[in-house]
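Order as written gives the chain letters A, B, C, D, E and F; numbering starts at 1 within each chain.
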Amino acid sequence: MKLKRILRFGLPKGSLQEATIEKMAKAGYNISVSSRSYIPYVDDKEMEIRMIRAQEISRYVEHGYLDCGITGYDWIQENGSHVHEVGEFQFSKVTRQPARWVLAVPEHSPIKSVKDLRGKRIATEVVNLTKKYLRKHNVKAEVEFSWGATEVKAHELVDAIVEITETGSSLRANNLRIVDTLLYSTPRLIANHASWKEPWKRQKIQTLALLLRGALEAEAKVGLKMNIAQKNLQNLLQTLPALRNPTVSNLSLKGWVAVETIIDEHIVRELIPALKAAGAEGIIEYPLNKVVY
Amino acid sequence: MKLKRILRFGLPKGSLQEATIEKMAKAGYNISVSSRSYIPYVDDKEMEIRMIRAQEISRYVEHGYLDCGITGYDWIQENGSHVHEVGEFQFSKVTRQPARWVLAVPEHSPIKSVKDLRGKRIATEVVNLTKKYLRKHNVKAEVEFSWGATEVKAHELVDAIVEITETGSSLRANNLRIVDTLLYSTPRLIANHASWKEPWKRQKIQTLALLLRGALEAEAKVGLKMNIAQKNLQNLLQTLPALRNPTVSNLSLKGWVAVETIIDEHIVRELIPALKAAGAEGIIEYPLNKVVY
Amino acid sequence: MKLKRILRFGLPKGSLQEATIEKMAKAGYNISVSSRSYIPYVDDKEMEIRMIRAQEISRYVEHGYLDCGITGYDWIQENGSHVHEVGEFQFSKVTRQPARWVLAVPEHSPIKSVKDLRGKRIATEVVNLTKKYLRKHNVKAEVEFSWGATEVKAHELVDAIVEITETGSSLRANNLRIVDTLLYSTPRLIANHASWKEPWKRQKIQTLALLLRGALEAEAKVGLKMNIAQKNLQNLLQTLPALRNPTVSNLSLKGWVAVETIIDEHIVRELIPALKAAGAEGIIEYPLNKVVY
Amino acid sequence: MKLKRILRFGLPKGSLQEATIEKMAKAGYNISVSSRSYIPYVDDKEMEIRMIRAQEISRYVEHGYLDCGITGYDWIQENGSHVHEVGEFQFSKVTRQPARWVLAVPEHSPIKSVKDLRGKRIATEVVNLTKKYLRKHNVKAEVEFSWGATEVKAHELVDAIVEITETGSSLRANNLRIVDTLLYSTPRLIANHASWKEPWKRQKIQTLALLLRGALEAEAKVGLKMNIAQKNLQNLLQTLPALRNPTVSNLSLKGWVAVETIIDEHIVRELIPALKAAGAEGIIEYPLNKVVY
Amino acid sequence: MKLKRILRFGLPKGSLQEATIEKMAKAGYNISVSSRSYIPYVDDKEMEIRMIRAQEISRYVEHGYLDCGITGYDWIQENGSHVHEVGEFQFSKVTRQPARWVLAVPEHSPIKSVKDLRGKRIATEVVNLTKKYLRKHNVKAEVEFSWGATEVKAHELVDAIVEITETGSSLRANNLRIVDTLLYSTPRLIANHASWKEPWKRQKIQTLALLLRGALEAEAKVGLKMNIAQKNLQNLLQTLPALRNPTVSNLSLKGWVAVETIIDEHIVRELIPALKAAGAEGIIEYPLNKVVY
Amino acid sequence: MKLKRILRFGLPKGSLQEATIEKMAKAGYNISVSSRSYIPYVDDKEMEIRMIRAQEISRYVEHGYLDCGITGYDWIQENGSHVHEVGEFQFSKVTRQPARWVLAVPEHSPIKSVKDLRGKRIATEVVNLTKKYLRKHNVKAEVEFSWGATEVKAHELVDAIVEITETGSSLRANNLRIVDTLLYSTPRLIANHASWKEPWKRQKIQTLALLLRGALEAEAKVGLKMNIAQKNLQNLLQTLPALRNPTVSNLSLKGWVAVETIIDEHIVRELIPALKAAGAEGIIEYPLNKVVY
């Protein structure tokens, strides 16, 4: 009798949950979370999903309760977890900037650098990261755990905070000034060291990483097709190196070819006007599900 | 003077409503339901939509108030409606399992099979299906109509229930055990017998069925393109029969070809790693709106 | 030192807001509106977005507080704003009908034409448009500004209303009868006259218009691919002029070709059955992001 | 050893649920319904609450699964349940009119009386009540069970409906005309016959009825206090018989008395101006929790 | 034959709607607004309610479409309506401050007084009030109608705004500074001049005003009872003049009396400790529905 | 010049927030929290409110950032804060049971007592309380901080949890068994030691405590009035000691008296039937705002 092989996979509950499940679906793994059960359904009989707070995933991967998981680099560091990092992924589409933990103070605070924190009180959700940062700069200060709404505390309850931000707009709205950046953080796929040594599990995790990366790549890219007169083709390809390695095929209309390629979505705004200028016609942009090189 | 030709089409109101309208949009029929009017808008002047409870559609199709409609196989059977079944459709994507009506009892109930129901009380929304099932097994029991929340009743108000389930997780959450399955049910497109005999209506219904099927097929499939060296092509096609009947075209880069095909979305997870292993490069997966063979 | 170049762009706040931001994203401009800040984020460092009521945008474009903006033709006319109209866009997908401002009265009102308004009271949000309409028809009547819920007023508070409608269903639900149409209105991209004369701003606005139009075109179109026997190709193309200028490429299967083209989505319902009848196989419809001719 | 005595009490789930729980709280029984458990909490250790559809309560009281319950007179009749009716209660405050089941048809229908139903189709949720009504009038017609949205069906799917209404405004909004009233219905407290014979249960049910009635009475009444000169008192009491049996006490101010009584809230509008006219001063109205005569 | 007498009463739709309906219920008039009908139900057969924007009520009262209505003093002035003002009412409980229309500018704006507005642009919802204010101060400036979100405009689209505020906190949150106050506004009950001359209507409006005032008074007051030794009574009453005209009655316990009175709720915080200090025991505070002097 | 005296008062943000604000309003302090500002409005110019997580309040009271605050006994203990405890308050009405922190394990776990925890892992939000509990029982085990959803972890991620519960129903729903209780917790009003020594602050805090207690007392009590024949009075008072110290006054009807008193709301269910049996008539129960002995 053969035992059923299972990969235990931890996904972050809470603010990242919806985005993560959507990305997993794009990668090909359909997950549905029910309010009735704490074990989500996934359409892969060799996989079991657990929804766990991002703050705790690395701890349970390290201890082997989970084979692998997706969590932020920040919490892996905060927990000091010994895990294998399989890869880095970027989920957020709009800003395309990694989140970062920053030291912030009220706009008119006399604190201008980490040195000015000597003897002060700092509130943060990442107590260990903050203590390590202070040690590195040889500064003694009190660090207290904040259960939330940290930004509001900077004005009267403590002298400074260490808080996460993406664009800084929430800090500005609270009249806070960024003094320093402690850590940049992006989502990571991590694995338990023992699980990573098992060939079946490692391969399954690698496939997952391949497909997830393919889905994320596809979000930042689009397919592009256009028609162009044969005589203009060479010029087009030379002046627009962004069209790397295109597929060129003949059209039924003599002297014309179809050109097709994959490009970064964020250059479309500049590229399409340039393509028109170079003689391209019937330009079509279409969406992609996955891009795997 | 020519009379305006109209097809009256019933769609299920309630829990299936949103999914049905979304599938119809994918098929090419844009419907918008207004809270102000009980007659939804559809962008086809030869069609009139009525939103009716799934339980009642087959009855109104049978009587000719509707020319056709979409409803579950379960309610056609429960109502004993004489209608023409045009086709079967599967709407739910996540689980890809048909719904089924099951006989369920509390986990520790002494009832182990239909025979143990003799003299017992059963609550259900499908009174006729349940009575027919009991007759088939030659068991006499009392069947009472349940207005809802049937699962809760199994523990104290009745001895057993007949209830619908997809994955069984809601029954398990209520500590109920499945004893038997009475009926598997999927959505059906049904037509009134007289309407089906009118050529214009039959053709309109068939077109609708064709497009709806095309849209549903497309949900379970994706397009796949990749580049491969000419010399590896034969090997690729032989080892991967899933790539049936692909389009192969020459690339501008000598010795390389582009391969394009349509495959089932649920094999992508296995296929992409295999394609990479077989030498494919620049693998692109893209979404489809309709697939009509 | 070079000054940073900025284009100030006004988008309509309120009922059109979500649709506009979605269309902008399709055009390639990702905007995110935060509840914390009245300045939305846009991933283009040369652009600044302002969310302003559709009623007011043309006024601020005229005065130069904004370089350009998207608003309805109705409000440009109501405000009598002197602005450069860059182009017309149609956002609504379902009905594909432009909105229109109509004169409406209770169903059983004696008012049958504009002439019958003499000496009556009319409530409307577009006081100037209504007064201009009355002047044109040489009718003297009182026009009062309505702060909302105008439809309800027609029954007792005033004699007639001038109100916006798309399908007329809301008017019918209020038992109102349309007497006349004053104005058809569609969204417009408008520019300040001075901004339009600056080459850098004009080009940036034109690129925006090109991409927005490409995205809107793509919403009403789909890509279509199919395989057909070489011998049937000519017949297919002749009988189906909708397949204009297709790409035809050879398949690996001898004697068969692949045909690919872009068509209007609203003819798919008629086209696909016809394609099947003409011998096409493996018909695939896929979505588009942009179509630029 | 003494067994724990328990009264099983069924409350209507759904549209009446919130109102019923609020009235029970006013009667002194605090109930809290949790989404986690189908057994609500009640702060009376001798009572167990079950939330059950109003349509089904009388059935389970009759069979003894429940000792007593609150449900509508309509469903007791529809189910033909043999139960003991403990009392009638009126929950709705605003309209103070009982609900009624009416026969309704489209405004311009030729059906003017029950006699015109001969051979017609009627949709209703109360199939038994409707059949009984037809038998009483010696009319043969088809009655079919409606799963909901019955009002909409009257216009095309059936010839008439039997539907519940309070003020008739929903019927009017659907352009329906009331032909006849089949039944007036109010909430009833009912008991299982055997439970009613047990002294402990009967007394517990009677106490519950007493307190619930006290709470409902209190909703329709208010306390009223005022000061009046001794010399005007007799006149006040004679001209205002609504002030029945007041408490009269002396004030510290010589020659003045305080008058206090309980009156129906709906006469306050007429009474207070009359009291002022009769010389009352410092009139105070205060709320009541319970009124038990 | 006697015609049915009807009083047409306009209530403000929108942000004040819920509060107004609640106050009317406290006054004894139960109103229920249905989403199905634009005519609310009221349990007074001689009254008809219309929900109309606060901005428009005075206009329709002036023209006689409504006999009376509740609206703000601001909109009566803005519209310049000739109506009879029956009385002033204060609805808001928390802050007990009237709303006011203020002239506001960005914190660092050079505008310090109305004189600095010369030649500037002002955005506001109350164009007439603002123009009148400017005329009074002999200042020429441009005033434009703002459709909403006026606060945001002050920073870049105009030079100043005239906006409504209660505590000023929303202005502060937008970094705006108040320069001057144009108008304080409270809710008013107004009547059409002709309606006010009809005795039946005037009396009905006066009764309504009496009861509404009684209900509003009761919100700001509470009943207070306490026991005190006879010997301490005189001292208590002298030192606490807030206990005006109390009811004093003898207790069964010899030498003790019960004291009862009505006081302003906002002095309870100071009064209760003082009462305890003066020897009062068993102090009870209870709520009131109406207080009519 | 006299400085403005201010009391800084911390209230718990989050799940207890609404209840706390409601109780404060009953005590006479109207607070309104705005989404625009982190400083709530309170209608007492000598008080400033801060909304802070219950977990953190005792820390900020200890350090003097707040003069006083309301928080749970559990978090005072967990933080080991040195603060002055002014009083204990019970907020929850329905169950009237204090919350408690319990040690819980899966139903079928071998862990039966604290001794069985040796060498195990425990997840909890109260790490310090749990460690102290283990030390007291001389048990070595690993305690890890849980960021939430602790109940779910007990089944696979850890061996036991320490979690808060009121009725235990949420634990039962998760199939967990309570092994031991670590701590009972109720809300406390706490003060900073230095603030408590300042006479003005101490008096202000004591008044607040007096009024808050008066409001909470009033929630659990009701006023009761009834009429009874003079001859039955003595018997009534003797047999019903719950009617302690009632006010007895003469009625206008000779031989009858009115009896009035305050009683615990939870005995009303038993008392009212007994009062009727003892001859009481016209029994009235009315609500109270405050009860101060």
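Simple rule for what comes next: contacts are C-beta pairs under 8 Å (C-beta built on N, C-alpha and C of every residue); 3 or more make two chains touch, one makes a residue touch a chain.
Because the structure is a prediction, the values reported are computed rather than measured.
Novice: Can you give the shortest number of steps from chain C to chain F, where adjacent chains in the path must touch?
Specialist: Shortest path length, in steps: 2.
Novice: Touching both chain B and chain E: give me those chains, sorted by label.
Specialist: C, D
Novice: Quick check for the class: compute each chain's Cα centroid; which one is farthest from the centroid of chain C?
Specialist: The chain farthest from chain C, judged by C-alpha centres, is F.
Novice: Measure off the straight-line distance from the CA centroid of chain C to the CA centroid of chain E, and report it in whole Å.
Specialist: That gives a centre separation of 44 Å.
Novice: How many Å are there between the centre of chain D and the centre of chain E, using C-alpha atoms for each centre?
Specialist: 35
Novice: Which residues does chain E have that touch at least 2 chains other than itself?
Specialist: 249, 286-287
Novice: For this structure, enumerate the chain pairs that meet the touch criterion.
Specialist: So the chains that touch one another pair up as A-B, A-C, A-F, B-C, B-D, C-E, D-E, D-F, E-F.
Novice: What residues on chain F touch chain A, complex-wise?
Specialist: Residues of chain F touching chain A: 13, 38, 50, 52-53, 55-56, 59-60, 65, 144, 146-149, 152, 156-157.
Novice: Across the complex, what residues on chain F touch chain E?
Specialist: 28-30, 32, 34, 36-37, 41, 43-44, 207, 210-211, 214, 218, 223, 245-249, 262, 286-293
Novice: Give the list of chain D residues in touch with chain E in this complex.
Specialist: 93-96, 167, 169-170, 173, 222, 227, 249-253, 258, 265-266, 268-269, 272-273, 276, 281-287
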